[in-house]
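Okay, got some structures for you below.
Below are two complexes that have chain A in common, paired first with chain B and then with chain C.
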Partner chain A sequence: MEIISRHQLLTISIIYQIGTTIIFGFAAGAGRDSWLAVLISTFFGTVLVWMYTRITHLNPGLTFIECYPAQFGKVIGTPIAWLHPLLFLYIAGRIVADIKSLVPTTILPGTPPWVILLFFMVVISYGLFLGIEVMGKLAEIILPIILLIFLIEVILIISSGVVHLENLTPILDKGWGRIWSVVWPLGIIQSFGESLALALVWTLMNERARVGRTMILSSLFAGLFIAFTDAMAVVVFGEEIFKRATYPLYALVQAISVSDFIAQLDATGVIYFCFMAFLKTYIYLFATIRSIQKLTYARRSRVFIFPVVSIAFVLGMTMAPNVVEHIAVVQKVIPYDPLYLSLMMVFPFLLFCVSWIRQKNKTQQN
Partner chain B sequence: MGDYILPWQSSVMLKHPWVLSAFFLIIAILLSFLTWFRRTRHEQEEDSSGNQDRNME
Partner chain C sequence: MVQRGQLEHHFDYILSGNATEDLMNFKTIFNHCIDIKYREFYINDVKKGSLIFLNGMVNTKTIDLDIMKQLMDCEENLFKEPELLAEDIKNIVHNKLIYSSQMCWVELFQEIVEHILSGNVALLLDGLKEVLVISAKDWDKRAIDEPATEAVIRGPREGFQETLSTNISLIRRRLKTSLLKMEEMKVGKLSNTEIVITYLEGIVNENLILEVKNRLERIEIDAVLESGYIEELIEDHSFSLFPQVLITERPDRVVGNLLEGKVGIIIDNTPFVIIVPGTFFQLLQSPEDYYQRYFVASSIRFLRLLSVVLSLLLPSLYIALTTYHQEMIPTMLLISIAAARETVPFPAFVEAFVMEVAFESLREAGVRLPRPVGQAVSIVGGLVIGQAAVEAGIVSSPLVIVVSMTGIASFIFPSFQLGLAFRFLRFPMMIAAATFGLYGILMMVLLLLMHMLSIRSFGVPYLTPLAPLRISGLKDVLVRVSWLKQSSNKSEKNKQQMGKPFIRHRQGKYK
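And now, the complex of A and B:
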């Protein structure tokens, strides 16, 4: 059985939670107050992630999806459990569609999207064959490199003389309304609610008792990172451009120009966006395969890799004809989608209550 | 009706946001039968292997 260390889980979770969120700009609807909206989302999101970790703590030896049949009974619990791999597969398809729209419009114009996605999926399949332990080691190596590149970019942006701190003020000039509209429910679902897929990895960690603390730490770090990048985009572009830009953080990297000598660093930005998208897709597909293995009582999981990766590829290719429609779904449909809200908030809350009451009754009886 | 064949497409999701959830729910219920069937088989296999172990002892 594969085992990952606490540090590996931490690095995987940080990259996963930052994920594709920074490509499209998180909480752009809140304008110049987006950083504040991200911080509030981080607070509520961390509480949600803590609840997920408590559920697995209250059901020792079971993965998150196995808790549903165990607590709600097989008639209600099994269909709820099956909804998870279906949702994970759909979200993996959405990330594949993100790559389909990002890479051909930025670093590889003219290359057919299916070729880019084919290579992307082949590498993911290879990673899935190697297992989560290898991905943990890769995340341990890649995270410091990503943070170093990001730090250099921040220094170069400041050196380019495009930072206008006055763009951040006045704070809350349009009230709390637009902040809450971003925080609930999209701010909490995106990045934090989606950590549900990581719950399938927690049972593989060598120090189970420290899963909760590790996840809280990664949620706080990811939240602060996203808030900082949003604030950077606002100080460079101002509220209106930040709200309208399709890829605000890609545009941020493009804004680097130190004495017309250090410029056009777009490729570095796209490369680390792609790695984050790669790891997030990997975790979703890993969670899908592990869920299917658990729900079908299969001995080996490798048999599911090819069909699951192929479905994600087809979903990504057929999801949206253009990036505008693709983003419109995230903004208008997903925050209010009953499937997202019930699987990420309502059912976990009920599961937490049932598990907690049963655990309490058990300890009283003993 | 043609819209409902590929419910994950953004055009369908924007027009009929509930279709994907309904589609997943139907698939989840159908797949649950597979789990129930496999579970019974899995329990039978475990029982038979347990009996074999006891006979060996």
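And now, the complex of A and C:
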């Protein structure tokens, strides 16, 4: 059995939760108040993540998806549990589609997308083959590097002379309405609700009692990080461009220009994104494989690697005919999708209540 | 003739006590071995005896003066008493006659043969069913020299040489404690090579020693000519490009590592000692880091890390930037690169690939040739061909700069083995860069990192202490913190750093 340390879980979670928002931006609909929207989402998101960790805490020894059959009974619980690998696989397919839409249009215009994705999937399969422990160590090494590069990026942006702090004011001039509209439900689902996939990693941690604290820490850190980058983008571009850009934070990297020498760093931004997408896809596929393994009572998980990776590849290739549709679906359809909402909020909430009441009854009987 | 497969000789002879008969048996075994010498003689005209030894591996002066002269000059009546028992003969020879500090009585034929073959003198005496084995080993050996592969500016200039006993003494001189243990083993069906496992008791993890012994015992091989054989047979991942043990010629480096709780394996007939477990960052350290002022040493470590990255990525970054991401190059630089590349008929990848192959072959040629010729090769190859190729417009001058910088960076590796791995990895990197640009480099780096993170050497993760992260261990990896700031001594610190090695028993046989 592979085991990861607390520090490794923390770094995996931070990278995972920052994830692809490093390019796509977060809560752009709230305009110049997006940073505030991110902070509010972070608050509710952290509560949601905390609830997930409590559920696994109340059902010791079981992974998150196994709790459904255990608490709701086989008839209701098993179908719900089976929905999870499908959801994870679908989201993994979306990230693969992100790569497909971003990489060929920005840095590799002549290369056919399927070759790029094939290489991506091969690297992910190798990672899945080696196991989560290796990924934990990888995250441990890469996170400091990412933060360092980010720090350099911030310094370079400031020295490029494009920062206009007045872009942030007036705060809340259009009221709370647009903030709430991005916080609920997209803000909470994105990054925080998606941490559901991490729940399948928690049982592999060596100090299981500290999962909750670790996850809260990483959620807060990721939230602050995203809020900061959003504020940065608004400060540089102003509200209108920020709202309309497809990749607002990618544009941020493009804005860097220091005395004509350090300029046009777009490619580094894409590379940045590719790594984030890599880890996120990895975690989703890992979660998919692990849930299938748990639900089929299979002994070895490696047999599932090839089929699952192939499905994600095909999903990514066929997900959306063009970038505009792809992004529009992410922003306008998915958040209101009943499956998303029920799997990420309604069912976990019910599960939490049931587990909590059962636990209480048990202690009272004793 | 002895068939292959029956290579191990087992003799069922038993010593008879009759010197003539026993000598005949030895002569049958050592048939057609001209380097085995026999010397028959009589003591006091009555007692027949003979000496058997390996010519060239013994000191004849010792044999003449301390053995022969003593036996033949002894008092007239010493052996003339008629009722002399075997015990008494042994006593007389052992206590009164032979001048030697190292000798023993051996009964088993097999053992006697082994002793003779390793350079000891066997003394057969009439009436004894045992043979006295006397040490008179002496053969020509190289003087202790400065190690050729690991030169330092400051530090001891002694290096190991090919004789096991000398190498052991070089280590012992640096650690005058009874806690320094040396255990002997023999490996190789034909070569019977002596191997010494050395460690510091109390510092080393017991399981590690057991595992090392276990792996050495499982080796099945005919002969061991160099420590490379052993290395390959005991490492965890023999398919990996990365060296997983530390190879060194320097006694001070071995001792430094023993103090960190590692185990040394000294092998006869080679100056290269193996240290296990070997980790990546250990292979990037030079013993000199600990002798120079720590601030300077730390900056040199950073320089080395930078060189590792450069030697791996520089040519592929050049290819990726000039082929796919020209916009990232500052405009003025881009113009000068483009101007230089204007006459070049090849794409950047072909250009870089050809130059890298040329550089690697130059380097290999320089190693094999005698030194004066080697210099000529580097002048002709490096200067003349490089200059001519640029002027002829076959390669561009920026590329020559890139290739030379990569070359210099790859010379910085303190471990030649690790340098080899990176030299090789440069080529797949270049192919990935030519196909996918920066994206390809990222994916290759991820593959490489994942591989390095997955391998272990004797249970210790290869990238310890960076991943899994141990802050205390980092004090001795990225920088070299002053001795005053490190925990009280080296051994304490490294106990924490190594943690509990998780020993993985490798399945299957070593063949």
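Everything that follows uses one rule, which is that the second predicted complex is superposed on the first by the 366 of 366 C-alpha atoms of A that agree within 3 Å, B and C clash if a C-alpha of one lies under 4 Å from a C-alpha of the other, contacts with A are read in each partner's own complex, and residues count from 1 in each chain.
One rule holds for everything that comes next: contacts are C-beta pairs under 8 Å (C-beta built on N, C-alpha and C of every residue); 3 or more make two chains touch, one makes a residue touch a chain.
Only a predicted model underlies this, so the values are computations on that prediction, with no experimental measurement involved.
S.K.: Mind checking chain B and chain C on superposed chain A, clash or fit?
M.R.: fit
S.K.: Using the superposition on chain A described above, determine whether A:Asp260 touches chain B (first), chain C (second), both, or neither.
M.R.: So A:Asp260 only meets chain C here.
S.K.: Touch test for A:Val333: chain B only (first), chain C only (second), both, or neither?
M.R.: In the superposition, A:Val333 touches chain B alone.
S.K.: Classify the contacts of A:Thr296 with the two partner chains as first (chain B alone), second (chain C alone), both, or neither.
M.R.: first
S.K.: Answer with first, second, both or neither: which of chain B and chain C does A:Lys137 touch in the superposed model?
M.R.: Only chain C; A:Lys137 stays clear of chain B.
S.K.: Can A:Thr111 be said to touch chain B (first), chain C (second), both, or neither?
M.R.: Only chain C; A:Thr111 stays clear of chain B.
S.K.: Rounded to a whole Å, what is the shortest Cα gap between chain B and chain C in the overlaid structures?
M.R.: Minimum C-alpha separation, chain B to chain C, in the superposed model is 26 Å.
S.K.: In their complex, what parts of chain B are in touch with chain A?
M.R.: Where chain B meets chain A, its residues are 6, 8-11, 13-14, 17-18, 20-21, 24-25, 27-29, 31-32, 34-36, 38-39, 41-42.
S.K.: Which of the residues in chain A come into contact with chain B in the complex?
M.R.: Interface residues on the chain A side: 74, 78-83, 86-87, 90, 93, 295-297, 315, 318-321, 325-326, 328-329, 332-333, 336-339.
S.K.: Give the list of chain C residues in touch with chain A in this complex.
M.R.: Residues in contact with chain A: 324-325, 327-328, 330-331, 435-440, 442-443, 446-447, 449-450, 453-454, 461, 463, 466-469.
S.K.: Residue numbers of chain A touching chain C in their complex, please.
M.R.: Going by the criterion above, the answer is residues 5, 7-8, 103, 107-108, 111, 116, 119-120, 123, 126-127, 130-131, 134-138, 140-141, 260-268, 270-271, 274-275, 278.
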